[in-house]
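Dropping a structure here in C-alpha cells format, bear with me for questions.
By letter and in written order, the chains are A, B, C and D; residue numbering begins at 1 in each of them.
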Amino acid sequence: MSPSIISLLHGPDQPGIVAKVSGWIHDRGGNVLHADQHLDRQENVFFQRVEWDPASGHEAREDSEAFVDFAERELGMSVRIALSDDRPKVALMVSKADHCFHDLVLRVRAGEWNAEFAGVLSNHEDLAPVAESYALPFLHLPMSLESKPEVENRQLAWLHENGVELVILARYMQVLSGDFLERVGCPVINIHHSFLPSFAGAKPYHQAYKRGVKLIGATAHYVTEDLDEGPIIEQDVARVSHRHGPRDLIEKGRDLEKVVLSTAVRRHLQNRVLDYRNKTVVFD
Amino acid sequence: MSPSIISLLHGPDQPGIVAKVSGWIHDRGGNVLHADQHLDRQENVFFQRVEWDPASGHEAREDSEAFVDFAERELGMSVRIALSDDRPKVALMVSKADHCFHDLVLRVRAGEWNAEFAGVLSNHEDLAPVAESYALPFLHLPMSLESKPEVENRQLAWLHENGVELVILARYMQVLSGDFLERVGCPVINIHHSFLPSFAGAKPYHQAYKRGVKLIGATAHYVTEDLDEGPIIEQDVARVSHRHGPRDLIEKGRDLEKVVLSTAVRRHLQNRVLDYRNKTVVFD
Amino acid sequence: MSPSIISLLHGPDQPGIVAKVSGWIHDRGGNVLHADQHLDRQENVFFQRVEWDPASGHEAREDSEAFVDFAERELGMSVRIALSDDRPKVALMVSKADHCFHDLVLRVRAGEWNAEFAGVLSNHEDLAPVAESYALPFLHLPMSLESKPEVENRQLAWLHENGVELVILARYMQVLSGDFLERVGCPVINIHHSFLPSFAGAKPYHQAYKRGVKLIGATAHYVTEDLDEGPIIEQDVARVSHRHGPRDLIEKGRDLEKVVLSTAVRRHLQNRVLDYRNKTVVFD
Amino acid sequence: MSPSIISLLHGPDQPGIVAKVSGWIHDRGGNVLHADQHLDRQENVFFQRVEWDPASGHEAREDSEAFVDFAERELGMSVRIALSDDRPKVALMVSKADHCFHDLVLRVRAGEWNAEFAGVLSNHEDLAPVAESYALPFLHLPMSLESKPEVENRQLAWLHENGVELVILARYMQVLSGDFLERVGCPVINIHHSFLPSFAGAKPYHQAYKRGVKLIGATAHYVTEDLDEGPIIEQDVARVSHRHGPRDLIEKGRDLEKVVLSTAVRRHLQNRVLDYRNKTVVFD
C-alpha cells in the first residue's frame, strides 16, 4: 500500500489558503485524511498540518515534491514534508543517567514510533554496556573545556556520516555550543528537569526544594543557543509535599522526564510540531 | 462587524469533501477562521466543524442558509449552523443542590458564554430565593408519581413558550420520561456525579466509598431515554484516599461537578459537540 | 457536644516528643482523633498536628490552655491551638475581578468552612453591589501613591476593630506595604495568577503566552514583604496550547485561581498549615 | 548502621493507643521517625504505620519481635513488621506483553526499591529472551484448561522453593484459581487495564471505546477470588478523545499501566498498604 503524505506549512495568512491546499490535493486525485490548522492573529501567520492519500497509481514521493513546489511558489509558504512510512534516523546523546535512555529505546523496539536509532553519543562510558545490550553503536568521547571544540567536531562528523535527522539529549549534561547547533543540520530536542522558565540552570530539583513549590515539572524543548530558552514542545508536573527532600524530587522527577521527553519526541516524529518565534504549534 | 458562521457537518465519507466545503466558502468570498475534522474509519462517517467570515457586504444569515442548502443537497451531509453572535436561550432544571446553579449563572453573568438564561424549573422551592437574587424566573412544580405526566406537560409548555434551545439538568433529581425527551425539541445536558459507567444509578459517592476507589469522577452527558447511558461530553476525576468518608466525597465531588458540567456546556454553546451512535465528537 | 482540640506544634527535634505529647493527652483522659507529624532532617525541626477529644466533663478551652503551657514549657515548642467549633473572622480584599470573591463567599454560605466574613475592603467601588447582595459590609477606600499610608491605616483600623483573624487577597491589585504586614497581626493569603516562581510580577498570563508554555498555573501563598516570594501553600496547573491567546489564558486561569485559592484557605482554616523558613508544611 | 523498624497495625479502636505505642517505643529508647494513623469511624477500626530507630546497641530484629508481642498481647492488634533493609523476594507472572515487565525490572535495577527478583513465570515463552537479557530465571509452563491444576501446582512449588514474598501479575492473562490464592502464602498484585469497576472483564479498551468515555484508566489491586474485585491500591486516568481508536487506547494505556502498577508495588514494598474489608489504607 502506498504511504500517505504529511505536510507542515506555515507562512503569512492570505484568503483562501485552506481551499487552495485542499483543492490542489483533490484535483490531483488525493484524499485528505486529517487536516488541522491554526492562525496566529497577533502575528498573522497561518499554520497547517494536512495528511492525505495520493491517488491510486501515484507515487507518494513524486506527489509530495509537486506539492512542495506548489505551496512554495503559488502560496509562498514554508513547507516540510514527510511520508507515513519514513523512518528517520535518531541519535541519543547521554551522560550517566539512563532512565530516559531505556524509555526511548524500549519504545522504538516496541514499535511505538517510526524511527531508527543510529547510535548513542556520550561524554562518559557508563552507559556503554547498556547500549551494547540494545545492540546500539556507542561513541564515547570524553570532554574537557579544552577538548570541547575538537570533540564536537567528531560528534558532528559522526552524526553527518550516519545521516541523523533528529538528536535527542536524554539527560546529556553538556551545553552544546552555538557552533555545534549551527552545523548539526537537524532538530535537537532536550529534556530539562524543571517546569521552565522556573529553575532554569543547574540543580533544578534543589532549587525547587528550597523554594517549597508544591508541584515539580519537566520541560521538553528544541535546543537553541539560548540555554533553556528554546521553543517548548511539552511540559508536565507532579505533585510534591513537604515530605519530599531533594532526593525524592529527583526520583519522582525521573518518571516525569520520561513521559515528557517521550511525548515530545513522539509528536515530533509524527510531524505534528512547527516552531516559530521561539514557540511551538503542536497539532495533536 | 458581521458575525462569523459556524457549521457542524456529518455524514458518509466521500472523496473531496474538505475541498468542496472550503471551495464553496472561498468562491463566495468567505475566509475560513478555523476548521477541524474527524473521520471515523470504523463507521466511515466524516465530521467537520468549520468557522468562517462571510465576504464583506454579505449577510451572515443569508450565507449560512445557502451553505446549509449546499451541504445537504450537494454533499448529502447533516448540517447544524450557528452565528458567532447567537445567544441561545437556556433553561436550568434543579432540585435542592445549588452549587452547579451558582456556577453556571455566574459564568453567564461574567460574560464567559454567549447565552441567556430563560429561567429555572424545579420540583422543590428551596432555590426560589437564589433564582430571585439573580432576577431569574422560577417555575416551581412539585412532582409526585401521579402528577409527573401533568407536571412534565407544564414544564414542556414553559420551555416551548420561552423558546428554550438548551436544557441543563444542574443536579435535577428526577428522571425525565421518554415522552418528555421526545417532545422537548432541544438537547438536554445532565451532570452525573460519578465516573460513568462506574456507579450509575443512585448514591454514586456511597458506592464509590464502599468499593474503595482511589479517584472519584463526574460525567456530563446528553440525556437519552436510557438512564445514565447517553453520549458522554466530558469527564474528570479527583484523587481521594482512605481518609475520605462519603460526606467528604460529596463535598469534593461538588467542585468536580461544577467544572465538568460547565466545560460540557461551554463546548456545546461554542458549537463544538456532535453526537452520533451514543458517542460524541468534541472539537476543542 | 464538646469541640475537639487541634494543636500545631513545631520546634527543635528531640527524643520522645511523640510519646510525650500523646502521653500528656492520654493522662488527661483525652482521645487522639488524628495525628500527623513531619521531621525536617536538614533543619532538624519537628512539626506536628494533633487533634483530640478532651475527657468528658473537661472544658476544651481549659485543656487547650494547659496543653499550650505544657508544650511551651516542657517541650520548648511553638504552639498554635484551635477548637473545632472556632469560627474565625475573615476579611476579603478585592479590586475589580469578582470570580474568587463569589467562589469564597458561596463556600462559606454553603457551610463548607467554619468561618465568618467580617467584610470586604476594596480600592474600587465596582464590587460594592455584589457585597451588598451577600449582605457583607463593604469598605471602599480609593488609593493613590500619596494616600496609601493613610488608606492602609484606615484599613488596619477596620481589620482590628472587626477582630479579623485572616485576610484573603482575592485578586487585590495593590501591594501591601511592609508596615501594613507588620501591623496587621494575622496571616494574609494571596492568590498569584502564575505558577511561581515563573512569571512573578505583572501580567503573568501575557508573559506565559509570550514564552509559549504548555501549562499555566496559579499559586496561593502567605504574603510577606518580598513580593511574590512568600511561603507557598498550594499550586495547580491547567493545560493550554498554541490555540490559546492571552485572553483565553486569563479566562482559563480564573477557574484555576478559584480552585487554588479556596484549597489554600480551606487548609488554613482547618489548621493544617505551618510555615517556617519561607516554606509550608501542609498536613492533609 | 542499624536498620529502622516499620510496623503496620490495625484492630478495634481503643483509648490511648497512640500514647501506648509511642510510649513503648520511647521507654525502650527508640526514636520515632514517622507515624501516620487512620480511624475508620464507621467500622471503629484503628490503623497505624509507625517507623522508628531502635536505641543504639539494640538489635532491630529483637526489638521488632518484642514490639509484635506487645502489640498483639497488650493492645490486641494485628501487626506486620519489616526492617528498613529487608529485601523481599518478588516473582513476576507475565504472558506476552512486556511493557510492565521492563518497567518493573529497570526500577529494581536502578535501585528505586528494596527488592530482589526471584524470577519470572509465564504461560508463554515469548518473554524468555528478555528475562535472559536481565539474567532472570524464567519458568515457562504452557497452560490449558486441563493442565491448569497441575501447572498451578508447579508454579506454587517454584514460588515456595524460592521464598517469594510478593507476586506481581504484570499483564498475566490467566485467572488464578481460588486454590492457588489460598496456597500462595503471600500477596498478589495485579494491574487491570481499566478504571475499575468500569469495564471489568475482557478487552476493557474496546469496551471504553464503544462507550465513548473521555478518560481511560488503570487499576492496581490485590488479587482475591472475586475476579477484578480485590482491594484497590492505586488508580489513574489519561484523557482521550474521539480521535483515539481502540489501538490508540491500548498504546496510551500502556504508559498508564506502568505508572499505576509501579506506584502500587512501590507502596507495598515500602510497607505503606493495609487491606481490610476489600479496601486499602495507603499511608503515603
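As a working rule, a contact is a pair of C-beta atoms (placed from the backbone, for glycine too) under 8 Å apart; a residue touches a chain by one contact, two chains touch by 3 or more.
No experiment lies behind these values; they were computed from the predicted model shown.
Comparing the residue numbers each copy contributes, subunit A and subunit D share more than half of them at their mutual interface. Averaging C-alpha coordinates per chain and comparing to subunit D, the farthest chain turns out to be B. A count of contacting C-beta pairs for B-D and for B-C identifies B-D as the more extensively joined pair. Inter-chain spacing, taken between the CA centroids of subunit B and subunit C, is 37 Å. Centroids built from CA atoms put subunit D at 42 Å from subunit B.
Residue numbers of subunit A whose C-beta contacts span two or more other chains: none are found.
Per the touch definition, subunit B reaches subunit D in the complex via residues 38, 40-42, 47, 195-199, 211-215, 217, 231-237, 241-243, 245, 278-282, 284. Listed in rising order, the residues of subunit B touching subunit A in the complex are 15-20, 22-23, 25-27, 31-37, 39.
Subunit D meets subunit A in the complex at residues 98-99, 102, 106, 110, 112, 133, 251, 255, 259.
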